[in-house]
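Sharing a structure with you now.
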Amino acid sequence: MKIAVFPGTFDPITLGHTDIIDRSLDMFDKIIVGIGVNSNKLPMFPIEQRINWIKNIYKEEKKIEVLSYSGLTVNFCESVKAQFIIRGLRTVSDFEYEKAISDMNQLLNPQIETIFLACTAKYSSFSSTMVRDVIRNNGDSSLFLPMEIHHPISMAQQEFQKK
Amino acid sequence: MKIAVFPGTFDPITLGHTDIIDRSLDMFDKIIVGIGVNSNKLPMFPIEQRINWIKNIYKEEKKIEVLSYSGLTVNFCESVKAQFIIRGLRTVSDFEYEKAISDMNQLLNPQIETIFLACTAKYSSFSSTMVRDVIRNNGDSSLFLPMEIHHPISMAQQEFQKK
Amino acid sequence: MKIAVFPGTFDPITLGHTDIIDRSLDMFDKIIVGIGVNSNKLPMFPIEQRINWIKNIYKEEKKIEVLSYSGLTVNFCESVKAQFIIRGLRTVSDFEYEKAISDMNQLLNPQIETIFLACTAKYSSFSSTMVRDVIRNNGDSSLFLPMEIHHPISMAQQEFQKK
Amino acid sequence: MKIAVFPGTFDPITLGHTDIIDRSLDMFDKIIVGIGVNSNKLPMFPIEQRINWIKNIYKEEKKIEVLSYSGLTVNFCESVKAQFIIRGLRTVSDFEYEKAISDMNQLLNPQIETIFLACTAKYSSFSSTMVRDVIRNNGDSSLFLPMEIHHPISMAQQEFQKK
Amino acid sequence: MKIAVFPGTFDPITLGHTDIIDRSLDMFDKIIVGIGVNSNKLPMFPIEQRINWIKNIYKEEKKIEVLSYSGLTVNFCESVKAQFIIRGLRTVSDFEYEKAISDMNQLLNPQIETIFLACTAKYSSFSSTMVRDVIRNNGDSSLFLPMEIHHPISMAQQEFQKK
Amino acid sequence: MKIAVFPGTFDPITLGHTDIIDRSLDMFDKIIVGIGVNSNKLPMFPIEQRINWIKNIYKEEKKIEVLSYSGLTVNFCESVKAQFIIRGLRTVSDFEYEKAISDMNQLLNPQIETIFLACTAKYSSFSSTMVRDVIRNNGDSSLFLPMEIHHPISMAQQEFQKK
């Protein structure tokens, strides 16, 4: 059984993320979307909300599981018996950063292989950072987000405007 | 009437910035230097000072206007009826970052076009971050700055040293 | 009057090229598509054909002119009284190459300014080299080409297959 | 059944190539090493030799098949019923080049997915071009090559020196 | 007498750093490892500990001296009469960042030359940031660290786990 | 005695090359400018001319020697007892190419160290390829060339125009 982890912060999940997940489905028997919890970084959306959004988007897809984790990604992979890590590559700076992490992970556990997909051209400039900026400033965030979360994000956006 | 916005933090404006402005003048009827105010980032110099410095540098140049703004750059462009955004490119990492923002802005408002100029070679390693570092540590910041602000910055520098 | 040259080999013109031309139209009074003739590089399509294809695509657009030239691009700009060169940027390696040429041109003639546009995300992996490869190997080149040349290229493709 | 093509020129196969193949084995049921034959590029080693070398290296590995092909890689994938293309990434310029090809292939056939692996750090500067340079100039090519071809390459090297 | 400064934060020193120091020894008569103290950045390990670790690693090497400094690196070089700055290059983004600093330093003091070495391939993905992440999360940090500090870091690691 | 090789084609030598040589002089006791002769690449200027031009530029500088060589650069270094190779870095693509060669050379002979200098900003877009293009097309090549070869190159340029 081929199990892969797709790690990230997903704050929030974008069309760039779902593109990578959808294109990876044929390759694996199970894909665990692993939401890394980092005590130093304050997220825009609470972890429960981020988990539920992804679960909702993939509610018909049996192969997808959503979990949160803290600590090293390789340790999380070991705990869920995943042999693969999936990462999307948008830019040259993504590539350099991801290559260094992939090298480090290979040293920490040579049994776990990192698989890269190049982001589809039209999504390759989407980042959660920019999407959060659009949300915060009341722009049209639906351009960048899966349909299933247009409504909840637009609700959140109204909350942000009131502050 | 061709109106362009040159957005940035200008904390402080450097010879790299004025090079881009000077070389863009022929292309547009009006250039609005837009100083983005970001509540999360504490600037070295107060916004009024940054506005006045740029106004002073271009006091003879009728085409230049200086304004501050908050929120999304495309929204600011709409409010001042600008159809163009000007950006300078120094490095590969600049290029990738700017390309992503330009893509996002094109999605948010396809009527607004981002125009890039490559920084003149001799200025292509100047950044406001480095200049602030030189100022903070009492180095010769005048190498990097327009003549008109040598004196005020050197005054500010003496203040920083006292702290 | 603002005149710009958009130089290239256009062997053949792709959707990536027309995207840059279309987005530049508002900025200039005239855009001269300059097809560089390089005695060392054997093109796939004869120069007359390349000129006619571009003229045909823009036959309704008064601002566009199509010319061939040999020698330095700055000299061609001088001869047609253009003050601007337009270039599209797809990738990091494009950027570095174009920046060096833009620097050199600025030394050769400081009156001529190079203006860059970032290629629209969905076209940013299109290159004439790859399109020629698709044509040569009988792939579906229409995915990458302006509608007006689908038919002539498909005719040419049949010729290539016979060889 | 998951079938992948690992396309390349393999002129000759290096430790960088075998690293990618070995690390991909767990992911697929069959890996077809596809040696692209390009009429414009004169190889250092004849196609039969390159095929035999790879077959010899993987003679114990049932999952590996070695074939030559000409034309577009996606067409070759279709003909061998492969749904995946495997590519190794060494450098930033590799990444940009491969991303463009992967985008083009996704347009030509959206059913075929390109999977990238980052080359193991110690092999990430190995290229067939450099290895050919070492062979041609009588350097110690065995540093870069799988053990199984040390002897045949060293034989070839003596031939090159005689010329 | 040729004196070089190897500046950095060394929080902690890694095998990537010692590789650069070891390979620079033949070139210079004295190498001063300069630990920059930055009031804005809270280090993982106190400055005394970082100094002692490096002194301990090079206790047999007469050419190495270890000092801390604050302020601009060129000023530190002047104070210790160093004509050279040594920097290691791992990645493209390292290169761009270091090139800009090297340019700025050349403007501030043209007598001081920055010398770059490319990190040895197998260490080129090691960064102190990642190593700190491994330490914090109780991974096997000894893979990335000089032997002499395996024990003290492992002690520190146990402390971090208790928190 | 510290001996370094500065390898290249120098077809012709530019201000970018002399900048690197001049800045390296303090570091070494002897610098051998090594002109690589490559049977596959037809140069613009004959090897004797390229040697004489460099000798002439550095006729007052006792530390500089000029030699031609063929084969691997490390072998040339061994034959002239050089422990160092000097290379200038202009761009990101330079860096990646040079890093790969530096890695390969370190494998072939670990005693030979490659030292990089970042090209001075104002020369960082100069390349022999572009300079040859300017010469061929009768542009003002003196902008890019050491004073000592302005006259001979301008003579050569007149010859090229006659063809």
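Every chain is named by a letter (A, B, C, D, E and F) in the order it is written, and numbering of its residues begins at 1.
What we mean here is this: a residue touches a chain if its C-beta (ideal position, glycine included) is under 8 Å from a C-beta of that chain, and two chains touch if they have at least 3 such contacts.
Worth saying up front: this structure is predicted, and the values here are computed from it rather than measured.
Hey, which chain ends up farthest from subunit C, C-alpha centres compared?
E
Half is the threshold here, strictly exceeded: which of B-F, B-C or C-F has more than half of its contact pairs identical to C-D by residue number?
C-F
Between A-E and B-C, which chain pair is linked by more C-beta pairs in contact?
Between A-E and B-C, the larger count of C-beta pairs in contact belongs to B-C.
Could you check if the interface between copies subunit B and subunit E is built from the same residues on both sides, meaning over half shared, or from different ones?
Both copies touch with mostly different residues.
Averaged over CA atoms, how far is the centre of subunit D from the centre of subunit E? Could you give it in whole Å?
38
Approximately how many whole Å separate the CA-defined centres of subunit D and subunit F?
Subunit D and subunit F have C-alpha centres separated by 34 Å.
Spell out, as numbers or ranges, the residues of subunit B touching 2 or more other chains.
In subunit B, the residues touching two or more other chains are 92-93, 96, 99, 103, 121, 125.
Name the touching chain pairs, please: which are they?
Every pair of chains meeting the touch criterion: A-B, A-C, A-D, A-E, B-C, B-E, B-F, C-D, C-F, D-E, D-F, E-F.
Flag every residue of subunit F that touches subunit B in the complex, lowest number first.
That would be residues 92, 121-125 of subunit F.
Going by the contact rule set out above, which residues of subunit C touch subunit B in the complex?
Spelled out, the residues of subunit C in touch with subunit B are 2, 23, 26-27, 83-84, 89, 92, 95-96, 98-99, 102-103, 106, 113-118, 120-121.
Touching subunit F in the complex: which residues of subunit C?
Its residues touching subunit F are 71-72, 74-75, 92-93, 96, 99-101, 103-104, 107-108.
Quick one: in the complex, what on subunit A touches subunit B?
It is residues 90-93, 125-127, 130, 133-134, 137-140, 143-144 of subunit A that touch subunit B.
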